[in-house]
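Alright, structures below, take your time with them.
Two complexes, one shared chain (chain A), two partners (chain B, chain C).
Our next item is the complex of A and B:
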């Protein structure tokens, strides 16, 4: 697959939980090699969208195509193995394990040695471990976290935990990297560092990145294309310059027309 | 390819240094760094020259491999038109390629100019344009960005060579006119090809160079005014490094950690000068944040650190011991006491009772050895500290543990070594005897001067300053005031321009007194007055943590800094400390009159936000004299109390005022001790070797 080809596309996705319509009729795509952002106010359906993309949620209507194939219902490990890695809004690391071990777990789907070989740590298991460790060390070097290699992640400050989580996602050598609010709760300096890492990951590893972000300013600088959700609907999908000047987006963010949910829906529909 | 005047003219095969590698019996005749590199590559071919921790593993280069790396880069540099006398600015951390770049430039008879990696773009612009650097070796994108930010001010810069190309995609197309960007690896690769084509490519320029050639420009940071470019020759650095190495018995077996700034003369001497002359291995830490960890893994035998680092390490140890279990803590304090009594004396090979010696051995097994291992000092044979005064407590702590820490006195202008402490003559308050071949004298006005093989050639393009600093017959003024003690050891007292005189005669050296006071953990900051006054008086700032802790243990209740500072018992304790200093001063003929007669404890901490300290926490004397004039007047009156109202800035930016009625206390002063017959020596010390 070359840069610019469509890596993943969603077609007419609708997702509801009981009476709550989380996503309504959303279509869009992610192209290989791009940084794709999904933004929207709180409760707009961003995380639901991400969960649909990585197959955790199964939408009631619509299709997900990945690498040119229509995707059926998958078990979580099958999703991981198909080449989509993600980070979480509320950091989901193994707090008692070291940075190194946490990132090593990102390689788990790539390990081929069987349980017996692993237990004896002979032959294939040993070769594999060295191979994976080398890959992980490159990631540690890349993210500049050498000094915390052996530190249990539970002891680390928030910004560094986020970086470790990015490392673990990178270790999976995924075709598509999903970042759920990578900069939430960070101070300005940490945000700038994280931006730099995301750009470098994209440039150096050639990774395709889809990220959700609250902070519009950050997204506009980072992303190649931006999809804007509001109340489960797609209200814009274009390059940052266009999205930034889109009146619907401005209204959605400033809440100009949202007096009540019903009103806003009406406003968007009109 | 080559410019007129390039040294790569007719190849002089007859003196090709490649033919030089004789067996290890050859005398150390190499007079330039490239020649030393060739010697080491031949004689120490398979011994490690440099290690770097990368991807979690220490990678090593032998001297032979390092020579290949350096030569390949030098040939590559030549390929991009780097010529003799061109300057190569080197901007980055302690990375192998930064060190290699410096020697590679010297292979082409060029001049490396290391620049502090944390300098801002404007400072960098000054040095790069002042040195007229044609090429820049930058570590990474951060440094490249800084150079490009000021590119308009750098007409001389033609090429930027980058070690780590990460994040620089597309930069080569966006370079300003007349400047190009190169990947270090590519330059080196082209150099390798050129060398494969013509293995003798570099021979002529290496052979033509001699010890008198300029080896490096080192810009001094300069607390006042613009940085000055100190010009040092190969002879300056090599002879000085070799002399000091011989005196300290350095061998090719030493291990050192290279973690101090490249642009600082200290790193240049320890990581380049002495590493090349003694042939030992330097180790580059994985990153600046992993230095402590890497230090433990390497376990250097030869180590240098400014006093601040030793202080911080000791504080960390003490705090961690407070959290240890009761038995461990008791053992620690018991054996620390044993070490204090006999550790330094055992290190000095003085006679020590067998029972004490036994207890020390036991302490070593139980406490000292594990502690030293934690600090990464297990294998230290020799450690140096310099740069500023080190607290005697701190200094003695390390020596008591059996770590041979010594002091030296140096300057960039001297290629570091002016004086150094010989083994077994180590004290906290002196900086030792003159280094080999160095003459040191104290001028009539008290200023320390020196002359020797390391004396710099001049400040680059700054004749005025050169003339002010260096006399026609080669003596260099240090700008520091000092005295020789009875044993011929130099004591540095203060910056010469801060030294004043008391009305009744006698020298007044404020920083010397303040340092002595600050060595007490309870005293955080001190400001002394005395120039053109009848006696010396002091402002004291207590250390809230240390004194707060002391107050807790002595059942003293307090609610604020101000309350604690005004407490009678705190005054009593501080007075005892100052009287201890007075007692020490009484023993010194020149400083006897500097005993502190009156003091007060300030009601607030001196603070950079209020302009009383610089951001690096140095006292702004003029501001304090101005702001607290009323208190100073009271110190020189009979008053026992003084009312003061001070404007303060709170941390959130609001400002307010605090008022206090400060107590002023008189202190006891002491006459000269009866046995003070040993007067201080003030003579020229010849080259002791």
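Our next item is the complex of A and C:
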């Protein structure tokens, strides 16, 4: 697949939980090699969208196409094996395991030795372990986390945990990386580091990235294209320059003065 | 060295070896609890079932002989005079793997996302079912299990230790059962092998990953079902080792499943989620109950081994409910 081809597309996705409509009739695509941002106010359905893409949720309506094929109702681990890796807003690392082990788990889908070989640590099991370890060390170097290689990740500060989680997702050599608020809760310096890593991951590893982010400055700098959600609907989808000046987007973020002007006046007075 | 001191040492050594056996049973619980959050009440019965199956293969019994004979009026009991120990152990391991697969396929798969109490109840059901199945397959009589491990007191050790005491002190040496030494050695080897496996292989890493965080494990492409089958298989093998050791000591009988009860205080001491905890908890209880019986026992009429472990567990529950090595319980409000 060359850069610019459509890697993943969603068609008319609708998702509801009981009476709550989380996503309604969303279509869009992610092209190979790009950084794609999904933004929107709280509760707009951004994380739901990511969860649909990686299979935690199955939409009631709509289709997901990946690598030119329509995807059935797969389980999250099957989707991971197809080449979609992700990180989480609240960090889902294996807290008791070391940084190295955490990133090694990212390569689990790529290891082939059978149980018997593993039990004896012979043949393929031994070769694989060394080969994948090399790859993981490369990622550790890239993310500049050599010094915490053996530290249990539960003991690391938040910013570093985010970085380890990125490393684990990266280790899968996935076709598509989903990053759920990679910079949430970080200070400015950590944000800058993370920005740099995301750009480098995209440029050096050639990874296609879809990310959710709240920091508008960051999104507008990073992303090639931006999709804006509000109340589960898509209200804009274009390059950052256009989205920035889109009136519906500005309204969604700043709040719009509705017909009931009295209420908003009252709010201002109080 | 004074005879009293040597006697105390003897009690401690024997306590340690008993403790290893407790640890072995507790280990099976911890493995499953860590990987799936299920307290597997059937662990003790699994040890019994594994031991029954092993003896059945060793002696060449026909499985379900009573049932077959009752239905068809036939008279089958043995299909051969038995197979060698190694083949019997391999076959038993295969049976335990099939059992693990069936548990996942028929029980766990249908109870995903149910509250822990439901899963716990399911394992109680499993325990009763397995006990009945063991009875039906291999018969309810007490069986002798002998896989060729040496047993009995070690005369050599008695000689060595006798020389430690003064010549005229009327000390006759320490008693150590060779079978206990073997059992401890095998248990230590088993734990070491499991540790290496979980540290340096893909599946081992996946096991630890699932134990740590289900959601994260799914996103890196680990199938929880496959892992559950593997974990239950490993727990089945641990149960087999425990079943062999306890069965060799006291015969394979249905009360063997009650050793699971002795694992409970071990788990409360060590914490349900810690493998080192299970081992150290087992050792503390083993040594504790022997020493208590030896020192305090005579003052209060003896038979303290029956309740010491539970009282110790109760005290732990009051002061450190998460156990020695368990994850600390922090409630946020």
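The rule is short, and it goes like this: the second predicted complex is superposed on the first by the 256 of 270 C-alpha atoms of A that agree within 3 Å, B and C clash if a C-alpha of one lies under 4 Å from a C-alpha of the other, contacts with A are read in each partner's own complex, and residues count from 1 in each chain.
Note that in this section a residue touches a chain if its C-beta (ideal position, glycine included) is under 8 Å from a C-beta of that chain, and two chains touch if they have at least 3 such contacts.
None of the values given here were measured: they were computed from a predicted structure.
S.K.: Which holds for A:140: it touches chain B only (first), chain C only (second), both, or neither?
M.R.: first
S.K.: Touch check for A:12: first (chain B), second (chain C), both, or neither?
M.R.: Neither: A:12 stays clear of chain B and chain C.
S.K.: I'd like to know which partner A:113 touches here: chain B for first, chain C for second, both or neither.
M.R.: A:113 contacts chain C only, not chain B.
S.K.: Which partner chains sit in contact with A:149 here, chain B, chain C, both or neither? Use first/second/both/neither.
M.R.: First partner only, chain B.
S.K.: Looking at A:93, would you say it contacts chain B, chain C, both, or neither? Reply first, second, both or neither.
M.R.: second
S.K.: Can A:27 be said to touch chain B (first), chain C (second), both, or neither?
M.R.: In the superposition, A:27 touches no partner, neither chain B nor chain C.
S.K.: In the superposed arrangement, which partner chain does A:61 touch: chain B (first), chain C (second), both, or neither?
M.R.: After superposition on chain A, A:61 lies in contact with neither partner.
S.K.: Is A:200 contacted by the first partner chain B, the second partner chain C, both or neither?
M.R.: A:200 sits against chain B, while chain C stays out of touch.
S.K.: Quick one: name whichever of chain B and chain C touches more residues of chain A.
M.R.: C
S.K.: Let me test your reading of the model: by the given contact rule, A:245 touches which partner, first (chain B), second (chain C), both or neither?
M.R.: In the superposition, A:245 contacts neither chain B nor chain C.
S.K.: Let me check the overlay on chain A: which residues of chain A are in contact with chain B and also with chain C?
M.R.: none
S.K.: Which residues of chain C touch chain A in their complex?
M.R.: 196-197, 200-206, 208-209, 211-213, 215-224, 230
S.K.: Note which residues of chain A are touching chain B in the complex, please.
M.R.: 133-134, 137-138, 140-142, 144, 146-147, 149, 196, 199-200, 203-204
S.K.: Under the definition above, what is the set of chain B residues touching chain A in their complex?
M.R.: Residues in contact with chain A: 54-57, 166-167, 169, 286-287, 289-290, 293.
S.K.: Enumerate the contact residues on chain A facing chain C in the complex.
M.R.: Residues of chain A touching chain C: 54, 56, 75-77, 80-81, 85-86, 88, 92-97, 101, 104-106, 108-109, 111, 113, 115, 118-119, 121, 125, 128-129, 168, 172.
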